[in-house]
Amino acid sequence: MIDKIVATTIAAVAGIEDGSTIMIGGFGTAGMPVELIDALLAQGARDLTIVNNNAGNGETGVAALLKARRVKKIICSFPRQVDSQVFDALYRAGDIELELVPQGNLAERIRAAGAGIGGFFTPTGYGTLLAEGKETREIDGRHYVLESPIRADYALVKAERADRWGNLVYRKTARNFGPVMATAARCTIAQVREVVALGALDPEAIVTPGLFVKRVVEVASATPLATPGAAA
Amino acid sequence: MIDKIVATTIAAVAGIEDGSTIMIGGFGTAGMPVELIDALLAQGARDLTIVNNNAGNGETGVAALLKARRVKKIICSFPRQVDSQVFDALYRAGDIELELVPQGNLAERIRAAGAGIGGFFTPTGYGTLLAEGKETREIDGRHYVLESPIRADYALVKAERADRWGNLVYRKTARNFGPVMATAARCTIAQVREVVALGALDPEAIVTPGLFVKRVVEVASATPLATPGAAA
Amino acid sequence: MQKFTRDQMATLVANDIPDGACVNLGIGLPTLVANHLPGDREILLHSENGLLGMGPAPAPGQADPDLINAGKQPVTLLPGGAYFHHADSFAMMRGGHLDFCVLGAFQVSVRGDLANWHTGAPDAIPAVGGAMDLALGAKRVVVMMEHLTKSGESKIVERCTYPVTGLNCVDRVYTDLAVLDITPRGVEVVRMTEGMTLSELARLSGVALTLAPPPRPA
Amino acid sequence: MQKFTRDQMATLVANDIPDGACVNLGIGLPTLVANHLPGDREILLHSENGLLGMGPAPAPGQADPDLINAGKQPVTLLPGGAYFHHADSFAMMRGGHLDFCVLGAFQVSVRGDLANWHTGAPDAIPAVGGAMDLALGAKRVVVMMEHLTKSGESKIVERCTYPVTGLNCVDRVYTDLAVLDITPRGVEVVRMTEGMTLSELARLSGVALTLAPPPRPA
């Protein structure tokens, strides 16, 4: 029988190795799997490469992981925010490597990894600093940059509901990077507000089919408050 | 006010020009927009390039369009079926051009067009007749073929429900190519079983957001019977 | 020198958005446009973090941390709105499915190059977000910005001195002094503040300007 | 010469599919595997036309023309199943998310090349469908086929003479005479029909065969 439900967030992150590449869902704090990140912090893996849209807000979540010096590199689109002080200090001190990727290319590169695409030509970034050194090509009169897939060892995502097969549905704009990250990691771990019985999710509305998910943990805690005022 | 609902299938296909490239949803008869195809037949546009998974079943739908000699070229993955006699005769007589594309590459090339991707490296087809003459590349030890987007002037799709903004939900495996084709055409036309009030579709479950759809027509007719026995 | 106020600029942009358009409003000044959309037009707002049909800010106390815009401000969803994931959302922009994108800028060049993501300062922490996607993100990309920097330099430039966000991507610029079209024939003035002359505007801008044919009354 | 029946072949394949696996069963012979899946294992069937968690054929009169498999036969959906569109469905296969793919074949070469889409006959109307995607469509790709053609030629070949579907993609072959692993060391015999010998099988096959270490009893 397939049963991907694990009892605790600690069990959910068990086995994550030093040096892993870990995708973490969320756009700011919406969809950020805070409790899984806390468990990863307790688990102790280090020398991590983190893929996230941002580079941490305040002192919790991704920021806490950075503050504990577990992260050697971050791949993201928007590290600088009003409350990204932890990242800012590490970056200025040269203590963290940054790969800056335009947000749409970030999403598409993750999607490409999950979809078995070896690379793709994107118009985004052509002629800019972020395309320097990359292969370009003119196709039908438009200029493109060749971008490569971003794969991960683990993906930590937050969803609204799951069943024991690992099917996921999300909530509002907390969906963001979760569905594509779930496809791009060797082992996707989801924290959900509620585990429901098999068959309770509408098959027309399942966003992440269960084959993309390895472990599910229910975390009934309230959603953290959004941080207003920061840019994308 | 946005109101994409048109009264008749004839109005839905109005203005389709001779020489157009038209994507037609459906996998066999599931999801095939038969009534829109009938309207296209009545409308009279010719020298068409059709993009569909198959090349017509029996004598209706895509097959009827072929039989009326409106189609100069078909881009598809599986023309030969037990009931593809119309296509077979045209093809053997040299009266129709065929571009044969592996089914997954077909779906991904359509998706690429809709997503603004200039081209992508796919492993599917590498080393086969269908990749002859195409650019190839080895990436991280795997062999890929460069494939290009397939764009269309029109897409005809069948969905289950729509609202006046053009939001669509589909039914079971009749979903198939509809959502990607809807993104890849200049003008997407949907026939739906039911038009519902704005706000009646669950925003978490909308499969095709309205911005991809230009015209919607309600066709309450029963779904045609599936044709068993044909291969994919 | 008379200037358009920020609300006047937003109104000028809003009036140019046709009924039924799908629009992405960038962070900062462009956000104001939402307050000035003509009431008789149904215009759908897209936010690149995964929604189309964005509504206004929620009533006090009604904010939902799972329902935010790209600026991470709480918003609402209109009836008919839809949620989707990040790859689908940026595919909408990259694929040319949005009608309008309104962006802020540091500089716009006479050929429509946009600079709005990086000041180029060596000690700045770079951050790009969706800026480069938005620059190519709609059938029509327009910029809202002040015409001059605080020190009086033109932000309409022959060539961007800040790092560019996208090349040849801006169609129209709304400033506090004028509305300018970027065309293959050069920069054309569509509208100016009252009392402004073409020669004075060209002097302030430091680039060649012509009146757009047919000139529309200000 | 004793042969495995089609149902025996299907049982051999089915027994090799572990609990929890996601599996795509190709058209034809592979479809039989669904009838032989061990009852104590929960195995999810994928169909490339957009469903995961496919159930058995519907009861008579219950067929739904909108719910079909890749062979366009009516099927059902199990509780927990999901629908998705064609690009997402093939992304699952191309991205390596399925555990098992079971395919029919005209020929399989000793290096794992697969030929199953085209006989190469000059008057044949070509049709590929999902064959080339399925050939690369899972972590483990296995083939079910008769060992010999009707005229007695081996379908295990040194090099495919039919047009290939995919290169170096087959992991294991189940025939009516044997189960064969395609390995970097060559073709290894995992199992044979009762009474078959390695030398006789090699003679029939026309390619070099060795016993798989450790040999499993038939």
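Annotations
Think of it as A, B, C and D in the order they're written, each chain with its own count starting at 1.
One rule holds in what follows: a residue touches a chain if its C-beta (ideal position, glycine included) is under 8 Å from a C-beta of that chain, and two chains touch if they have at least 3 such contacts.
All values derive from a computational prediction rather than experimental measurement.
Between the contact lists of chain B and chain C, the overlap consists of A.
Chain A and chain B have Cα centroids lying 33 Å from one another. Chain C and chain D, compared by their mean Cα positions, are separated by 55 Å.
Each chain gets a centre from the mean of its Cα atoms; for chain A and chain C, those two points are 29 Å apart.
Annotation for chain B: residues 108, 111, 115-117, 122-123, 170-172, 204, 207 touch two or more other chains. Across the assembly, chain C contributes residues 77, 83-84, 91, 93-94, 136 that each touch 2 or more other chains.
Taken as a contact graph, the chains fit none of the simple arrangements: neither line, ring, star nor complete graph. Pairwise, the chains that make contact are A-B, A-C, A-D, B-C, B-D.
Note for the complex: chain D touches chain A at residues 19-20, 22, 42, 44, 46, 52-53, 77, 79-84, 91-98, 136. Contact residues of chain B toward chain A in the complex are 108, 112, 115-123, 137, 139-140, 142, 144, 148, 169-172, 202, 204-205, 207. By the touch criterion given at the top, residues 1-2, 111, 113-117, 163-165, 167, 183, 198-199, 201, 203-204, 206, 209-212 of chain B touch chain C in their complex.
Those residues of chain C that touch chain A in the complex are listed here as 27, 47-51, 63-68, 70-74, 77, 83-87, 89-91, 93-94, 118, 123-133, 136, 163-167.
Looking at the complex, you find that chain A touches chain C at residues 27-31, 53, 77-81, 87-88, 91-92, 98, 100-108, 110-111, 122-130, 143, 170-180, 207, 223-232.
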